[in-house]
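Right, I'll just put the structure down here and ask away after.
Order as written gives the chain letters A, B, C and D; numbering starts at 1 within each chain.
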Amino acid sequence: MEQTKRKFHASMINDYRAFVFLGIVLIFGIFANNFYTLYNFTSIFSGSSLYTFIGLAFTLCMIAGHMDLSVGYMATMGAMMVLGMRTLEGLPWGVAFLVAAGVGALFGLANGILVAKAKIHSFIVTLGMQFVIKGLLNIYSNGAEISVKGDFEVTDILNSSPIPFLPFSVLFLFTLAAVIILMVVLAKTRFGRNVYMLGGNLETAWLAGIKSDRNTILIFMISGILCGLGGALYGVSAGTATPTLGEKGIAPLMVGLTATIIGGTDIAGGKGSVLNTFVSIVAILAMFGVITTLVGKFEVQILFIGIVLAFCVLYETFTKYAKQKTLGIRPDLVQKYMQESGKTKL
Amino acid sequence: MSEAVNTNENAYALEMRSVSKRFPGTLAVDQVDFAVRAGEVHALVGENGAGKSTLMKMLAGLYSDYTGEIYIDGKLCELHSPSLAKEHGVGMIFQELSLARRISIYENLLVGRLPKKNALFIDKKEAVRQASELLERVGLGKQDPTKEVSEISQCDAQLTEIAKVLGSNPSIIVMDEPTSALSSEEVKRLFAIIDSLKKQGLAIIYISHHLQEIFEVADNITVMRDGKKVGTYPVEETSTEHLIEKMVGKSVNEFYAEHTAEIGEELLTVKDFTRWGFFHHVDFTVHRGEVLAIVGLAGSGRTEIGRSLVGADPLDQGTVVLDGKEVSFKDMTQAVNGGIGYLTEDRKVAGLAITQSVTDNILVTIIDQLSKGASYYPKKHLGVVNKKIEELSIYPPEPARLVNNLSGGNQQKVLMAKWLATAVDVLVLDEPTRGVDIGAKQIIHQAVLDYAARGNGVILLSSDLPEVVGLCDRAIILREGYIVGEIQKHEINENTLLMAANGEGRHVS
Amino acid sequence: MTTKEQQATAPGIKQDSRRTDISKTSLFINRAGAYFIVAILLVIGLIIAQGRFVSIDNIRSILNAVSLTGMACAGLAFVVYSANFNDMSLPMTMALSGMMAVQLIPFGIVVSVVGGIAAGTLVGVVNGILIGKFRANPIIWTLAFNMVLSGIVRVAWGGSQIYPDTVAGDSEFAQQAAVQFNSFARTYFFDGALPLMVVVMIVLFVFAYFMMTRTRFGNKLKMVGSNYEAARLSGVNCAKTVILAYVLCSLCAAIAGIFYTSMTKIGAYSNGEGYDFDCLTAVLLGGMTLAGGKGNIVGVFGGVLVVGMLKNIMTLIGISTFSQYLVTGVVFLIVVWINTSSERKLGRA
Amino acid sequence: MKKVLTIVALVLVLMFAVVACTSTGTEEPAAEETAAAEEPAAEETAAAEEPAADTPAEEDATNTEGGAIDIAAVIASEKTTDNQQLMPDPIEKAFPDRPEDPSSLPEDDAGRYYDMEYVGWDAGEKDAGIPASPGDGPQGKKVISIVHGDHAWTTAYEKGMKQACEAFGMEVEVWSPNWDQALQDQLIDQAINAQPDAIALIPLSAENAVQQFRKITQAGIAAFGTNMLTTSDAMPYMAAWTGPDDWAQMRQLADTLGEAMGGEGGIAYITHDPGGSPYYARTYGPITEFAEKYPDIKTLDIQSPGFEAAEVKQVVSDWITRFGDDLNAIFLADDSAQATGAVDAVKEAGRDDIMIVAAGNSKTGQDLVKAGDLLIINYQSAEGDAGLCARTMAEWFAGEEVLPVGYLATDMITSDNVEGFYPTQW
């Protein structure tokens, strides 16, 4: 009984803390005026779109044991490309979106090759790639923002809520679709399971004949495509994009990273869930909303997101620190010893 | 042996013909012929470093540069990668578990070949069903395959590992020390499984130090020594004594010169030493000039005693008296200053900083002694390093060379040198010569004896029995975390040690 | 048999990677490190700028421009060296020390500087304890701590900037301290040829050099960085060593933060933004690797020089800010790639 | 486990402390420490309350008996920190005809930037969705002001906004997205959700503003643009726009500088963040002005090193090396960190002859003007910016006619008049 109870607590913090966090935020929402309105939730969900795409990409890489710091800039690239193709080049929307995703894939490919083939740490590769993308973006648009130039047709479609009485905009439905597709891919396909295996135990994966290089490159490419699409959707829904999109405020990269950690994805890889990341992002945005209504100050937002992240890191650190002490213990010897010594507790 | 093969009847499931594998500095496997029939459990025994594991890794496709020929079911195969070996029906169960701990059992079982529902998706139901089937075959039918590996016991993980190998439908299964983490009841379960596999017509190669187990489970036994095959014996025609004689060979007496130690006063006394779940109520004493061996099979708590003694791992109860003073070490810094050193068993993971130079590695234990205040410059102390390099004949004798660019034997010498450079009174040596060539082994052994002869105490934790026999003055036997006996110098030979560790023979207490 | 042996030596088959002989070119590239790039840049600079490049003015301007990055890099090198990736709390360490220093100006210049440095160093102590002792993930923890600090600093000062002369108020003594504080970044020796900031940067690098090579701390840090477990089991007090590495890192960052504040004459939470990755870039260019225990301070100084010279030359050629990002990124990736492959060839990775 | 619990407890305490700090600190940012010390237990209730619900303590002399506010009297009475008028009169601007195709004109032709410089004046009909003025005056009206991000300028703007709104008896909340476009979009959604009477917005992006103002108007709330210019597409969705006339101010600075340079020489530009309206106004404003009036002044280089003193210093030092005596003047888009860096670089090189002009109105800039290091800066009151916006809103609530685009007066600060602008706003 005691043990199941403890297990329950542990799993609440380990596996479901994103939901717990969301719950806490929702409770605090009671004190905020107009928090529980359809409009507010539509806005929270829509606002989560960009962060979700970035968070998904980041989580995917982290499950495989890598870090992709370039997600923020790849998303900016997506937003700039889709609007650039549409407004500056006059291509149809569909082609523009394809170009955005394709460019994302291209940079993902570059990241993947440098990580898998040149064996450079992903942290370094993506750090350098940030500068490269930033430079290219600025050169492409000459530093200026690109907008839909009054062509709000698709923007309006993205921002409309097609289902009555539900706070889901089309933009959010696309986001939700991406979450579900990635969840299915990770859970239901061989590739998805290989991602976990690569992060969990590279040697096992190798011994089992999983082509680790090819899979790593594919992971980074998917990350790029997600960012490209996420950025493109955001850019169109906002009607504009600037090259500085990925670096202002609490940068989208930071929100994605924080949500990944809060969602319980293991920093060393092999464990994680995109659903938890998604829930964390919604919770973070809801928290921003509550704080804005209650306090109205940005500094409190950054403080709270820091505290939540710090709390998760500390929790993980201390449990790991405590676990280290009993690592490798032999339960049969414990049992035997307890029987002999008459002790019931260690 | 191979000439006797008749390819039509009595065909070998596996035949290796004069295979060799060279590592820098050693010939790990030297022209070995080895053959196993289908439906046979073939045990492979030998001392540490005899080449058993290398031979089997060759079979599992971990080396692409072996020489010789390997026939599986009469066909010549090139086992240059793990996936090739798998295709040819070789299944290998490694000593260290190769399961991803945070991933579910069924995925570990079916890694790389999860069943598909259609072109896109895997079929989880089918996967779980297949996994359950596999688990059933190893007697884990009640286990839930969707659990994470980290949630199940060590024993179940070991059995899962076997199930994983079974999943690829091998015709040959290699088990490397499969019982090291199992209790005696669990071992029985494992043997029942092996028996059923045998009946299904699989060829099983079984590597173990537990001779008792081997007699229980094997049909034929091949003995290896120093990378060469000594011979193959049907189990009915041999005995423990006979095997040990073959494993040890005559070289032991030649190799280990007789030494007589001058045993001085008590140096280290350990009482009621307990870490729950690892070792319990361990008492022993080490005298000056004495080499005390703690002998036990893998998983007996040997290493853990050493680690707890120097504060590298926690301790639940017990007292340690060193040189008349009661001490308790919270970490290794205190232990080294207090006079106990610990040479780790895994030099690459926990022993040496292989990306640093020989100098840095040798001096790391004595930085505090050498430094004046905060100031310390390793190049000033090259004398100390050169002396150790000379003492242990580390080759090439370049203090600035990176450890990674040395051969395994010389790396181990560096590890030894780093502890000999200190002024500690007691040295705990955990497998001081694992995976080391004969030459290096001899040098390290001489260094250990010299160290003890200077009036220091040595605690030797080794599974290399000739080493124990050749070096130690007294041995205590550890089984399942408890001390079960003590053997004095005049009684020590490999025979008595092996028997004691295997739970046979006389217990002296 | 013979076919087997031929195959065993055929190309494409993996050989034992532990080499006993060492590739000369790899060793040269590895040793020369960032200075190889410095030399190339020097040649480019000489060609394109026709003599103006090596003028005292230009050299001083390059050094002056990198002095803040350089100060922070001298400290950050310890953290990278200890295999703890990066100190993401660097920006807030700089901001906090600057703001504390400005806030303490009414108590005199000495209290102000000491207080500012102490506040910054405190960040390092917390980081060090959590990462060195409890083994928290260095990236995530320092990132979280940076956010927390950022929040605290913004809340504590109400989101506003503070000016040394305003904080000083009307007191003559405090006003003088404010003037002194603002003059730190504007002090020159030898008739304007040698700015104080450059002197401080060089002093910090020399200090870091001695800390890393000539003290027991530095040598222990090398072992901790290369193999934490091996160092621990050799009796090295790893926790203490890592804590000290973080303390040194934030000490240098705090000094840089005070100069930054003195330079802008404004204490603000945004001081130091972007220094986390900028400094890491310079340190990695200087030949240190994330695996720890590799590279040296001389190399890091070279990396800092590369950053400064690259920017200088690009501005001299007239490359736009946008293209500068691109060039920096590409140069960084190429250098790191060469560095990684030479490390691998030397058997160090 | 104990340790974990301790940490949890600490974090919780910290969280409550923060809530306490900030909820009381909204009105007086500097006093939050004492406030937190005084009432540590009141955190939750304080947090739940509307921060702006506290009625202004100061006695309002302009309050007439009937409760209606005399807007003109309020306008006349309020002063900024630097003793200027908080709510100055908006200024109209004359505008020339629009060229055929501005984008075909060369970079240094003023016509090319016509759509930015004269944005809003010819934007056509206001959108029908803009609600009608209630006509019952500003009292008790709820206003949400969304700024662009945290900055010392913003703090001054916030102060001005609160001071002005309180004087009118309006409730105001100021929200900041910290320069994050995505977050600003979200804040707008939240603001709409809160159903205020008006929303004043400093858009982060001129293009995106169309979408933002459109959204507010479609929700039936009056939208007021402030400070940042938008594209003309956004103008129909605003009840009114107020703010500084960046282009005119830059032209004014350029004129004065051109005269000081004697109509010839080389000039280099440090820009604002590329892409935004200040970028064009503060770079191409002077460039086009010079092209028209002083064609012998040559543009040497344009760089965007951002707002960090060290970076700017490096760029300016490199310029001095590269151009030598050809460099006679530098035009900066910012008079604080950029000015500090540029002045330091010039001094270090001993090139006191280089004239530096900066846009902006910070304490740093004013100090540098006073010290003679900067030639001129422009007077651009942050509080006045907010004040004008509040005034326009108040007038609109009262049903008065407001200008569709109302500019702040353009003034320059030189060493002659700098003393009159102390103490500075930020």
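We take it that a contact is a pair of C-beta atoms (placed from the backbone, for glycine too) under 8 Å apart; a residue touches a chain by one contact, two chains touch by 3 or more.
Bear in mind the structure is a predicted one, so any value in this text is a computation, not a measurement.
Colleague: Chains in contact with chain A and with chain D: which ones?
Modeller: Chains touching both chain A and chain D: C.
Colleague: I want to compare two interfaces, A-B and B-C. Which one has more contacting C-beta pairs?
Modeller: B-C
Colleague: Starting from the mean Cα coordinates of chain B and chain C, work out the distance between those two points in Å.
Modeller: Centre-to-centre distance between chain B and chain C: 44 Å.
Colleague: Measure off the straight-line distance from the CA centroid of chain C to the CA centroid of chain D, and report it in whole Å.
Modeller: 35
Colleague: Chain B to chain D: how many Å between their CA centres?
Modeller: 72
Colleague: Please list all residues of chain D that touch 2 or more other chains.
Modeller: Touching at least two other chains: 18, 22, 150, 274, 304.
Colleague: Quick check on chain B: which residues sit in contact with 2+ other chains?
Modeller: Chain B, residues with two or more chain partners: not present.
Colleague: In chain C, what residues contact two or more other chains?
Modeller: 151, 154-155, 159, 291, 320-322, 349
Colleague: So which chains end up touching which?
Modeller: Result of the pairwise touch check is A-B, A-C, A-D, B-C, C-D.
Colleague: Can you list the residues on chain A that touch chain D in the complex?
Modeller: Answer in residue numbers: 31, 33-34, 37, 39-40, 42-44, 46-47, 50-51, 138, 141-147, 150, 152, 155, 234, 238-240, 242-245, 248-250, 252, 285, 288-289, 292-300, 302-304, 307, 310-311, 314-315, 318-319, 322.
Colleague: Inside the complex, what are the residues of chain D that reach chain C?
Modeller: My answer: residues 18, 21-22, 25, 29-30, 32-33, 150, 152, 154-155, 274, 301-305, 308-311, 313-315, 317-322, 324, 336-337, 340-341, 344-345, 347-350, 363-364, 367, 426.
Colleague: If we count contacts the way the header does, which residues on chain D are in touch with chain A in the complex?
Modeller: For chain D paired with chain A, touching residues are 1, 3-4, 7-8, 11, 14-15, 18-19, 22-23, 26, 44, 47-48, 50-51, 149-150, 173-183, 185-187, 189-190, 192-195, 204-208, 210-211, 214, 231, 233, 273-276, 279, 304.
Colleague: Could you please specify the touching residues of chain A with respect to chain C in the complex?
Modeller: 67, 114, 118-121, 123-125, 127-136, 138-139, 142-143, 250, 254, 257-258, 261, 267, 297-307, 309-310, 312-314, 316-318, 320-321
Colleague: Over in the complex, which chain C residues touch chain A? Could you list them?
Modeller: Contacts found on chain C: 85, 130, 134-137, 139-141, 143-152, 154-155, 159, 277, 280-281, 284, 289-291, 320-330, 332-333, 336-337, 340-341, 344, 349.
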